[in-house]
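In the part that follows, the structures are each spelled out as structure tokens.
Note that subunit A is present in both complexes that follow, paired respectively with subunit B and with subunit C.
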Partner chain A sequence: MKYAFYPGCSLESSASEYRISTEAIASALDIELVEIPNWICCGSTPAHMSHELLSLTLPAYNLVLAMNVGTEGVAVSCASCYNRLKQANHAMQDPIKRGKVAEALGEIYDGTVPVKHMLEIVSEIGAKRNLKDLVRVDLSDIKVAPYYGCLLVRPPDVTNFDDPEDPQIMDRLVEVLGAQVVKYNFKVECCGAALAFPQVEIVKKLSGQILLDAKESGADIVIVACPLCHSNLDLRQRDIEKYLGIDLEIPVLYFTQLMGLAFGLSPRELGLEKHLISPDSVLKRIGIKV
Partner chain B sequence: MARIGVFVCWCGSNIASTVDVKAVAKAAASFPGVAHATDYKYMCSDPGQNLIRETIESEHLTGLVVAACSPRMHEPTFRRLALETGMNPYLVEMANIREHCSWVHEDKGEATAKAIETVRMLVEKVKRNSPLEEIRVPVTKKALVIGGGVAGIQAGLDIVTAGIPVIMVERSPSIGGHMAQLDETFPTLDCSQCILTPKMVELSQHRLVTLHTFSEIDEVSGFVGNFKVKIRKKARTVDHDKCTGCGICMEKCPAKVSSEFDRGLSDRKAIYVPFPQAIPNKPVIDRSSCIWFTKGRCGVCKKLCPAEAIDFEEKDVIVEEQVGAIVVATGYDLIDRGLYGEYGHGKIKDVIDGLQFERMLSASGPTGGKIVRPSDGATPKTVVFVQCVGSRDDSKGIPYCSRICCMYTAKHAMLYKHRVKDGKAYIFYIDVRAGGKGYEEFVKRAVDEDRVVYLRGRVSRIFEKNGTVFVKGSDTLSGQQVEIRADLVVLATAVTSSHGSRELAQRLRIGFDQYGFFTEAHPKLRPVETTTPGIYLAGACQAPKDIPDTVSQASAAASKVIGLLSSDELIREPLVARVDEKVCIACFMCESTCPYGAIEHVTWKDPETRKEKEVARVNPGICEGCGACLPVCRPKALDLMGFSDEQIYGEINALSDLVKVIHDE
Partner chain C sequence: MVHNKISSPSFLEEVEAESGEKVRICYQCGKCSAGCPVGYAMDLLPNQVMRLVQLGLKDEVLSCATIWLCASCETCATRCPREIEIVKVMDVLRRRSSAEGYPSAVREVPIFVNSFIGNLKRFGRLYEAAFVGTYNILSGHLTKDFDKVPAMLSKHKLSLLPPRIKGISRIREIIKRVEEIEKK
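Then we have the complex of A and B:
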């Protein structure tokens, strides 16, 4: 199984551990990820907030590059990149937008390159073979709150990802890995996203309620599939604790890192030392020396 | 020699702004056979009609072409006019230069040229028209009512008042519909059961009513005045002739499932009567939950029944009925619980829908009229009502307003405050739509007297934490986000078409919209008729409606039925297929093609040779004039009156010059 891999900017920098762990589980699952040569930024929030044509042309440019890699489609780890690439494909159904993007690109892109989030790829593999066979470490003591955020599930007619209000794809994965799934109320509530820069108070409030509800529902860790969600929940957790006036101390892992742990990979192979909220207490419970 | 009159209508500016009507009249005057051609601002108006009337007489016209709107609009007008002057109405043709021309084109030159060609074709057609006589068919003086809710009950009662027998078919085991589930009704707070059950009894006991409950419509054939209906009486597994309704079977039945009538707030048995006032008040067995049918054992009801009424072997029975008219009154459903994952309906016990709350309010309901939290039975001190759950929400595929929720939510909040004096009631709303007699006053009463708090805004999420339900929403009037800790949340879920409505519409050959509601023939002027003659609509099957509107429409539909069935015969358009017996070779290919079953076998005696032979005959009462039989008739014995080969070829040949021009270009 071979995919054109679109890492996106975050995985190059603040979320490098997401990239390391994505590549680690990809090789464990025999997924060949071929990085798209000369890929550029997807445009992210700044592009789609300011210039529609730019916000479609940037992802379309990357998808055209991906076509040349010649694979089953594009694999994405970042939820925001995923959303932008899907948005571009969706917009290409509109002949007027398709025409404008073609003019900007200098070639016609028809929006047909399949875009898949790593969660979807893992879930497809899980439907064909039993991922339990790969599990080496007993996670049954760990209670995990899967946090999906906004960009994977919304807007549903664009991403067509899972139930937009109660997605299950990560919940099922946690079960297969042998850990306990925590049911809580905020798995698709917004974390505050890029408001971390202009309006950090909002992020403290929104991310705070997610972490608090997960904690009160018994979660030991939260897992995410988005670099921005991760930085809000992990990087700002100390600020949030001050804002709420309580100790949260809840490690936030990428789902790929939890998979890697279950598959018996070492914390270093998964970049677990990069988090601000240390997962050491959890690692100890599953018998990993730290 | 034909003397055709051509009358070109401006339709104000509708036609005249895009088509040069004077040029059309001038061109038409030169067509062979046209004795007179003129134009006028509104041909359908009184002076316009007078102009035609006078010209028919002064010019001794033998046929008319009115170049105006679609024949669906005004063909009857001008045919009636011809009849008044003594001209056969089928010598009138409409040239549609509005819907097919002026409304869809922009270039005046091209539109005018098209209008001239359209008139040319119709002139050639009308020259070949022959006078036709209307067809008279006998009428079956009996009506079918589909659906036994308040709409069907009202229509049925009104129809039998005129002495016309009614056959009522109801899908569930009892008549009564949704209205039987309600507690008190807005805006007068009169008890729903108290006003409905006497009507249910009156209908069921009427000598002219045949009631088929637990039955569905399998097949409908025929046409207005003469429908044939196949009704599937589903196996009840209980012989109602023997059953005394003693109820011992229901008491002892060990199989419990959740009650549809109480919307899951209570359980019923596999052998059950939906509610105590049901009609008929005798049980049926729900085979999907009965242990005998699912596991092949038990049979407790059969052992205990003193009347030996249980029959496990009973099968569905098909009953055939003939009726002259049909009233469709199949009601509504509510949206699927899964549609609003963010509100937790179906997951959080203390989040219920309006109809569940209605059952809770009902004195004969699962809580005996006490308002309680389903999770722990406690009296809720704070209740949040959410309006427009689904309704007016494009993203959920329901852009329309459900019309009843503003009023019943005000009623719910009011009744809650009456029963829980120290309770708090909040209502989230988008707009309060209280257009109806006494409605606005009712809502005002809820606010002023019962101190219900209205919050203008949408709810974003409902979730549960430690037994408390949190409702997060916005209050757009104060511009704030609000979070209310509620003991109970009541969702005003959107009204949808009844399940199976599309399939029923296809069986009846009536129209339905993208939401599955049946379409009326005209939204303003024919609101209770369908486009299929003889089939009428009543109640929420057409669009969401409250009880007063439903009952009004039901009575209107009944009066249409009574009007239709008041004469002994029906008059039909003579635009039907006809067999030339001399040419017919009795192959009956037409019979297998006809979708309406209009072809009959008859013996025919040739008046010249005096020899008899078998031929096909078209029953003009059944034929719909679709023309499907024509192309399969090998000897060309069939022709369609009003659309004969000669007429159609006349129209096509009229265009041949134009076709040549296009070719040459």
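Then we have the complex of A and C:
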């Protein structure tokens, strides 16, 4: 199985562990990820806020590049990139927008390159073969709160990802990996996203609600599928603790890191040392020396 | 309450044409506002923004804080029984507010947006270190997130070197063409 891989800007720096762990589990699942050569930024939220045509042209540029890689479609790790690439595909159904993008690019893009998030690719593989066969480490003591956030599930007519109010794709994955799924209320609530720069107080409140609800529902860890969610929930967790006046100390892992742990990969191979909130206490409980 | 405010009759039509969304069919059920995670911090709730657009109260809408506080989380659009893509409407209002020179009620947000866009135009990919530096200088929040830097550097989560990609001149040409088409 071969995909054109669109890592996105965050995976190049602040979310480097997401890239490491994505490549590690891809290798374990025989998914060949061929990085799109010279891909560019998708424009993320700032592009659609300020320039509609730019917000469509940047993803379209990348999707045209992906066609040259010649694969089953594009694999994306970041929820925001995923959303913008799918938004562009969706918008290309409108002939006026398609025409404007073609004028900017100097070539026609028809919006037909399939875009899949890594969670969807993993889920499709799980439907064909039993991922339990790959599990080497017993995670049954670990309680996991899957956090989906916004941009994977919304707007549903564009992403067509899963139930937008109560998605199950990560919940099912946690079960297959042998860990316990925590039911909680904030799995699709917004973390505050890019407001982390201009309005960090809002992010502390919103991300604080998510972490607190996960914690009070019994979670040992939260898992995510988006670098920006991770940054808000992990990198800002100490600020959130001060804001709430309580200790949270809840490790936030990428879903790929939890998969890798279950498959018996070492914490180093998954970049687990890169989190601000150390997952060491959880690792010890599953018998991993830290 | 609105009798002493100036209505711009074409405003509703302009917003609808630019967003492709039928703002006029909003029947004020308030579901968007009930689910909005940032509603607590807004001066106008999302349904109130929709109502003011319907009424053509352009100045009130384009100078409100709400259009800048909206996180584009899409909860409102997902739940709207009239299937209005409210984020697309917010995008149009943000762009109009900037283009027509309304002072932003939340000054940091357009600075954030412009720093990001300027960075990606120059480098093709986001050069995070330079972007954060630019934002901090322009916003006046000079030391914002400096406490995160040592840990990010030691964990190799902050690249100090700019991204390098082939074909950056073609990318800049495309972005230039985008700007020319947008001006038309």
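In this section, the second predicted complex is superposed on the first by the 290 of 290 C-alpha atoms of A that agree within 3 Å, B and C clash if a C-alpha of one lies under 4 Å from a C-alpha of the other, contacts with A are read in each partner's own complex, and residues count from 1 in each chain.
Here is the rule we use: a contact is a pair of C-beta atoms (placed from the backbone, for glycine too) under 8 Å apart; a residue touches a chain by one contact, two chains touch by 3 or more.
Treat the numbers as computed from the prediction; the structure is a model and nothing was measured.
Taking subunit A as the common reference, can subunit B and subunit C both be placed on it without clashing, or not? Answer clash or fit.
clash
Output check: A:His48 vs subunit B and subunit C. Expected answer is one of first, second, both, neither. What do you get?
Touch partner of A:His48: subunit C, not subunit B.
Just checking: does A:Glu189 make contact with subunit B only, subunit C only, both, or neither of them? Give me first, second, both or neither.
both
Who does A:Pro164 touch here: subunit B (first), subunit C (second), both, or neither?
A:Pro164: touches subunit B and subunit C.
What is the contact status of A:Ile288 with respect to subunit B (first) and subunit C (second): first, second, both, or neither?
After superposing on A, A:Ile288 lies clear of both subunit B and subunit C.
Figure out whether A:Lys100 sits in contact with subunit B (first) or subunit C (second), or with both, or with neither.
The answer is second: A:Lys100 touches subunit C but not subunit B.
Can you tell me whether subunit B or subunit C touches more residues on subunit A?
Ranking subunit B and subunit C by residues of subunit A touched puts C first.
Scan A:Glu216 for contacts with subunit B and subunit C and give back first, second, both or neither.
Only subunit B is touched by A:Glu216; subunit C is not.
Counting only touches as set out at the top, which of subunit B and subunit C does A:Ile125 meet: first, second, both, neither?
In the superposition, A:Ile125 contacts neither subunit B nor subunit C.
Among 458-466, 494-502, 530-538 or 656-664, which stretch of subunit B shows C-alpha clashes with subunit C in the combined arrangement?
Clashes occur only in 458-466.
Which subunit A residues lie in the overlap of the subunit B contact set and the subunit C contact set?
164-165, 189
Please output the residues of subunit A touching subunit B within their complex, sorted ascending.
163-166, 185-186, 189, 213, 216
Name, in rising order, each residue of subunit B that touches subunit A in their complex.
340-342, 461, 463-465, 470
Note which residues of subunit A are touching subunit C in the complex, please.
Those in contact with subunit C are residues 9-10, 12-17, 37-41, 43-54, 57-58, 61, 94, 100, 103-106, 150-151, 153-156, 164-165, 189-190, 192-195, 197-200, 202, 205-206, 235, 273-274, 276.
Mind pulling up the subunit C residues that touch subunit A in the complex?
Residues 20, 37-38, 40-41, 69, 71-75, 77-78, 85, 87, 91, 94-95, 98, 106, 108-109, 111-114, 116-117, 120, 124-126, 128-129, 132, 135, 139, 144, 148, 151-152, 155-159, 163, 165-167, 171, 174-175, 177-179, 181-182.
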